[in-house]
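Next come two complexes, and both contain subunit A; in the first it sits with subunit B, in the second with subunit C.
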Partner chain A sequence: MVNNYILRFLFAAFLSIILGLLYMGIGRKYIARIRRCYAGPFYQSYIDVIKLFSKKSISHNWIMDFGVMMGFAGIIATVIFLPIGPFTVFPDMKGNLIVIMYFMTIGYLGMAMGVAASGNPNATIGIARALALMVGYEIPFALAVILLVFVNKSSLLADIITTQQGSIFHWNAFRYPFAFVGSLIALQGMLGEQPFDAMIAPAEIASGPMVELSGKFLGFGFLQHGAQIFLETGIIAAMFLGGGTFLGFFTKQLFLYLVTLSIAAVFPRYRFEDAVKFFWIIPTSLVLIQLLIFLI
Partner chain B sequence: MLLTSTKDLKDKGFEEILNFFRKKSLWMLHYCTGCGAVELPPTMTSRWDMERFGMGPMATPRQADLLLITGYLSVKSLKRVIYTYEQMQEPKWVIAFGSCPINGGIYYDSYSVINRLALYLPVDLSIEGCMPRPEAIIDGFTKLMKQIEKGEAIGYKKYKENYEWYKKNQREVLERTTPVLEQEE
Partner chain C sequence: MIGKILLSGVLISFLSLFVRKKFNYFRWILFSIYTLLTLFFVYIWKNDFYFSENYKILSLYGLNFSLNFKITPLGWLFSFFTTLLTFLISIFSIQKNQEEESEKIISFFWFYLIISNIGIFFASDFLTLFVFWELMTFSSYFVISPGWMKSFRAVNYYFVLSTIGAFFMLLGIGFLYAGTKEFSIETGYLYLFTLFSKNPLLAVLITLTFILGFFTKSALIPFHIWPAQAHAEAPDDFSAFLSGIMIKYGLFGNLLFLVPLFLLIKEYPATQIITNKIPLFSHILAWVGAITSVVATFLAIESNDMKKLAAYSTVANIGYATTAMFTLSSYGIAGGIFQIVTHAIFKTAIFLSLAAVKYRTHEREMHKLGGLAYKMPVTFLTFLLGIIAAAGIPPLNGYASKWMIYQSLLAYRFPFLTVMIFLSSTGAFMYLFRALHSIFLGQLPEKFDDIKEVPILMQIPMYILMGLMLLTGVYPGIVLKPINSVLQFYNLQPLKLTYTTMFSTLSSVDSLKVFLTFAGSFAFAFILYLLGKPRKHVQPLDNYTAGQDPKEFGLTRELYHFALKFYEPFEHMFDSYRTDTKEFYDSFERKVNEIGKFLKETLSGNIRNSVYIFIFGLVIIILYGWLVW
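Moving on, here comes the complex of A and B:
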């Protein structure tokens, strides 16, 4: 492995984008098969991104340019702390979960800054819903993190992965099933899939945050979403499914994403206030029950 | 007079490589006032499955590449279509559905419907029929993809080159929509 930090960072960034877009393409095919149609090839997302960057694009002011870049950079910066299989960008940092949770919000805040500057009311409504939803799913997710920190006496993802080695039944998904289910529901919200896609809602608020994004801005939105899929499935895979080798880790990520899409393909959407209420009642109590079982 | 110098406007060089990606990922915005809109849901969903070609519906003009005019246009809705078209980012294409945007169709003698869309917006492709079936629509889309690959789908460039001519035509017809009461004063 290369020891140069810049090369390691570039490797992680490109890997997250390329694999994220690949998962997105496979996911589109998977959803199409559920609906009994075929969709495009699995590399459709790459074609879309290249096309978007080849289009002309319109910017309203420099805050919009900056915000879209910041949203993208926020997600890529979080990938630095994620142990990708046996690989981390900074071997000494070992993926502190608190730092990851803190950095993950920067992506959303950057997006909020960018699209709010675009001046379209639909975009503002969309991003307000996205941030409200974030408050919803962060509670069960944070409780799950607290549980694992309690159990392992460490907030480092690398340590959490180490304690899960050995057998498949050492995985936290089997040790703490309620917390795993709660986190899966939180993952659904993080990725913005149905039933928690009130922020996108194409027929209602014309695709929400993306409404004014054209050409390369939407291209960055695609890259951000790809990296986000990689990051968020990666965190859950490391927390509950025991990380693993490169190939094992990517398989687990894809499995988690396909589980998310299976739920998304058959559900309509919640209104965002109902979604927040749901997050605070069902997944939160699942994780709390697990926490109580552990403490007793 | 309309300048139709197709040879000079054709895509060249690097654009030809990009055109390969553009034709494989056409995102469309459908303007659904006409009766052709009813043929689009079966084209999009599992029966005819338009997504095989990388096409998909988009929510706003900013994100879309392709504007579908699905049937007749009244003078008032023409104004909205022009706003929509000008909000779209280049490269962009227009497809007209059915006979109404070609010659007025059954509304040819109506006081409030335009007869020929090509006078007001650069139409890249017209799909005939009243209304075209999904097979015909998909056939039209594949023809447009071939045009794009060859670099011949250059309606948006024509619109820029002949902006004055299009604006003059638009102004002539849009003046009819000014309220009658104000004119009498």
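Moving on, here comes the complex of A and C:
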């Protein structure tokens, strides 16, 4: 019984890392195609991670070590609660959305704690921006979650997926298009892609949170970002695109990620307070309209 | 038994006055022992629900003044957790108050806080409740400001608001007495319920007086500014008591009187406007809670004073609990009570760790601190677990109660309340991280280079609090099972739960599994960490100056601590929406002063005028009593 859980746990964890890094590699190539330049091969992210883990690294104190690990662990722990296609680690808790939304934040908190312990002001400025942005994008996302919970009378992702089966037009993306668009914009912010990348802003604050990370610490950063891509696209795919089989689910995830990148590739950066305002006005009202239509 | 405990508290408090200054720790040990004894008795009362005690004090013209106590499930739950936390705080205080000025008066009045604590939670009628309510207000007044000028200014906000609230409550009690000829709480709300169909206006007015009484105490909008003043200026260990326990009395009042009243109206909705299946009145109060939580969150984001930040965070949490309990479903009331208990635990932990920081550094402004985690690891861990709980992140206890609140709001369809709670809960993340970074992470200022961890006696309560946060987070059933008996007391459907699993109509969650998942993920991350090449410890400044002496560049560590104006651009977004409530109260105070001065100058300048006014007033009172009464 316990062994079974451990195997399922490891399967989900490795799947999220491997596929997340794969999406990252494909994404790099995709952005290079849009900008008409060259990128490394699609397996470049794997090489990067292995290289980073085998390099020497420096840390400033134990909290930095602890925080970086906690950040990665938080995202992995959230992936465990995500229904990956037909697969769930805990069959009795099929993707509890409230748990997922709150568990994700422990990853952010861990990473934030780790890089804040590095003592570099650039890193902390990046974190301050990221947290302020979070207050922005969580509002439309929360509204979309509320809408779907009301529709399905359940806060389990598995139930939300079940009601979308049958035909492509049963997908919530077609039934609730405004909410879908709002959540897509929120996804853009969650992944920290342009125009909402004020927290990393390479030219401004020297890539923000990552500034003091070296060697395996940066490797953890890579892994966390990969798992985060897997997780966040996975949540939207389950909420709006009907989950599906393994292959279908992964395709939907990749599709969502590429949509995000297509926007990112052509947009400049918002100031973060403008981004927060944008999130509170455009996507929030889009989802709100959908919610009001449903309630009335 | 209840009376004996209260009386022995009074005796011990006077006994403690004879302890000499040199042995002042003995006085605090006496206090701890008294608290522990009280805790023990409260614990054994868990099987004696509905046991009651009456003490007749005096009888005047047929009016009987007596103190009546009754052990209800609700009162038991509150008194158990508050006494437990007071005991932990008192252990912390033994060491903390050794060098404190005027600690004699502080410890003397602490006894009365414990006494009024038991008195309020076990009161079975309004008169007893009111007596202990006022005892608590007065004794806390002297603890917050034992002759310190700065805290005197702050405590007046608290005192004036509390007193106004209490007088409104007394007015409400008077109205109920006029209707029922007794002080019983139960007959009180039954009478008020019937009054809603007979004379709605009067009923609404009476309800409003009680709302004012309870809401001033629990600092809901528009009374949300006193915690930031009083909690910040109070003695550091007392802030933990204020924030963890005392602010809950208002919520206890809501649960004691208003919630049963609204439940009655919800059940027989003939006379009241019903929105979303709950009475409109209750719906408005739920909104007040949600708005309070959002406003307090933004005020917390803006504050640079660590105790003010924590105080505003308290107000925000009170907002969640209020919103939840006024949705009037089993989940809502259970979530509200659960939030009160968990908040008491984690906010005590947060305030004790802040008190430990201040004990060592004597600083309250966050930008003057920094990097203390490397010197005070236990304090840091307590604070870290505290903020994880406060942000509602699993697997700590704040998450379990928030989950319950969301279930109630989502299952009974309150979309906009949910969003407000969500907004303030995400905002909580912002200010909590700011506190974590500015106090404990970042660069350690050079003046704090030889700071040490607090003494072991102060660490013990922190360890226990960490354990409690984890325990009630992983096994929420420990708190929820007593809450179930409270729900039965309200005649509501009890929750379906086991020690680790909470069920609701929308979903279920097994906290133990959540905890194990996180532990497993952390183990996974740790293995990966060990697989990587070992890291090397380097001083941060060496990194910035490429190994050369930082002093040659004129670099100090303080220069690299980014803490002041942490969210400045974000704060500027709200510049045009800001209303200064404190300024409103201050201007009110100035107006009162002006009027008083005016009256004093014009009337009391001449002694004859004053005598005329006095006699005139007396005659009016006598005439009123004679003709109207």
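FYI, the second predicted complex is superposed on the first by the 293 of 296 C-alpha atoms of A that agree within 3 Å, B and C clash if a C-alpha of one lies under 4 Å from a C-alpha of the other, contacts with A are read in each partner's own complex, and residues count from 1 in each chain.
Methods note: contacts are C-beta pairs under 8 Å (C-beta built on N, C-alpha and C of every residue); 3 or more make two chains touch, one makes a residue touch a chain.
All values reported here derive from a predicted model rather than from experimental measurement.
With both structures fitted on chain A, tell me whether subunit B or subunit C touches more of subunit A's residues.
Partner with more touched residues of subunit A: C.
Looking at the overlay, what does A:102 touch: subunit B (first), subunit C (second), both, or neither?
second
Have a look at where A:215 lands relative to subunit B and subunit C in the superposition and call it first, second, both or neither.
A:215 contacts both subunit B and subunit C.
What is the contact status of A:56 with respect to subunit B (first) and subunit C (second): first, second, both, or neither?
both
Which holds for A:247: it touches subunit B only (first), subunit C only (second), both, or neither?
It touches nothing on subunit B or subunit C.
In the overlaid three-chain picture, which partner chain does A:272 touch, first (subunit B) or second (subunit C), both, or neither?
A:272 sits against subunit C, while subunit B stays out of touch.
A:296 in the overlay: touching subunit B, subunit C, both, or neither? Say first, second, both or neither.
Touch partners of A:296: none, neither subunit B nor subunit C.
Quick check on the superposed pair: does A:48 touch subunit B, subunit C, both, or neither? Answer first, second, both or neither.
It touches subunit B, and subunit C stays clear.
Where on subunit A do the contacts with subunit B and the contacts with subunit C coincide?
Dual-contact residues (subunit A): 54-58, 212, 215.
Along subunit B, where are the residues that touch subunit A in the complex?
Listed in rising order, the residues are 18, 21-22, 24-25, 45-46, 49, 51-54, 57-60, 62-63, 65, 89-91.
Which residues of subunit A touch subunit B in their complex?
Residues of subunit A touching subunit B: 28, 32, 35-40, 44, 47-48, 50-51, 54-58, 202-203, 206-207, 210-215, 218.
Which residues of subunit C touch subunit A once you look at their complex with the stated criterion?
371, 373-374, 380, 384, 388, 391-394, 399, 402-403, 406-407, 410, 413, 415, 418-419, 422-423, 426-427, 429-430, 433-434, 436-437, 441-443, 505-510, 513-514, 517-518, 520-522, 524-526, 528-529, 531-533, 535-540, 543, 557, 560-562, 566-567, 569-570, 572-573
Flag every residue of subunit A that touches subunit C in the complex, lowest number first.
Its residues touching subunit C are 6, 9-10, 13, 52-61, 63, 65, 69-70, 72-74, 76-77, 80-81, 89-90, 92-93, 96-99, 102-103, 105-106, 108-109, 112-113, 116-121, 124-125, 127-128, 131-132, 134-135, 138-139, 142-143, 146-147, 149-150, 153-156, 212, 215-217, 219-220, 223, 271-273, 276-277, 291, 295.
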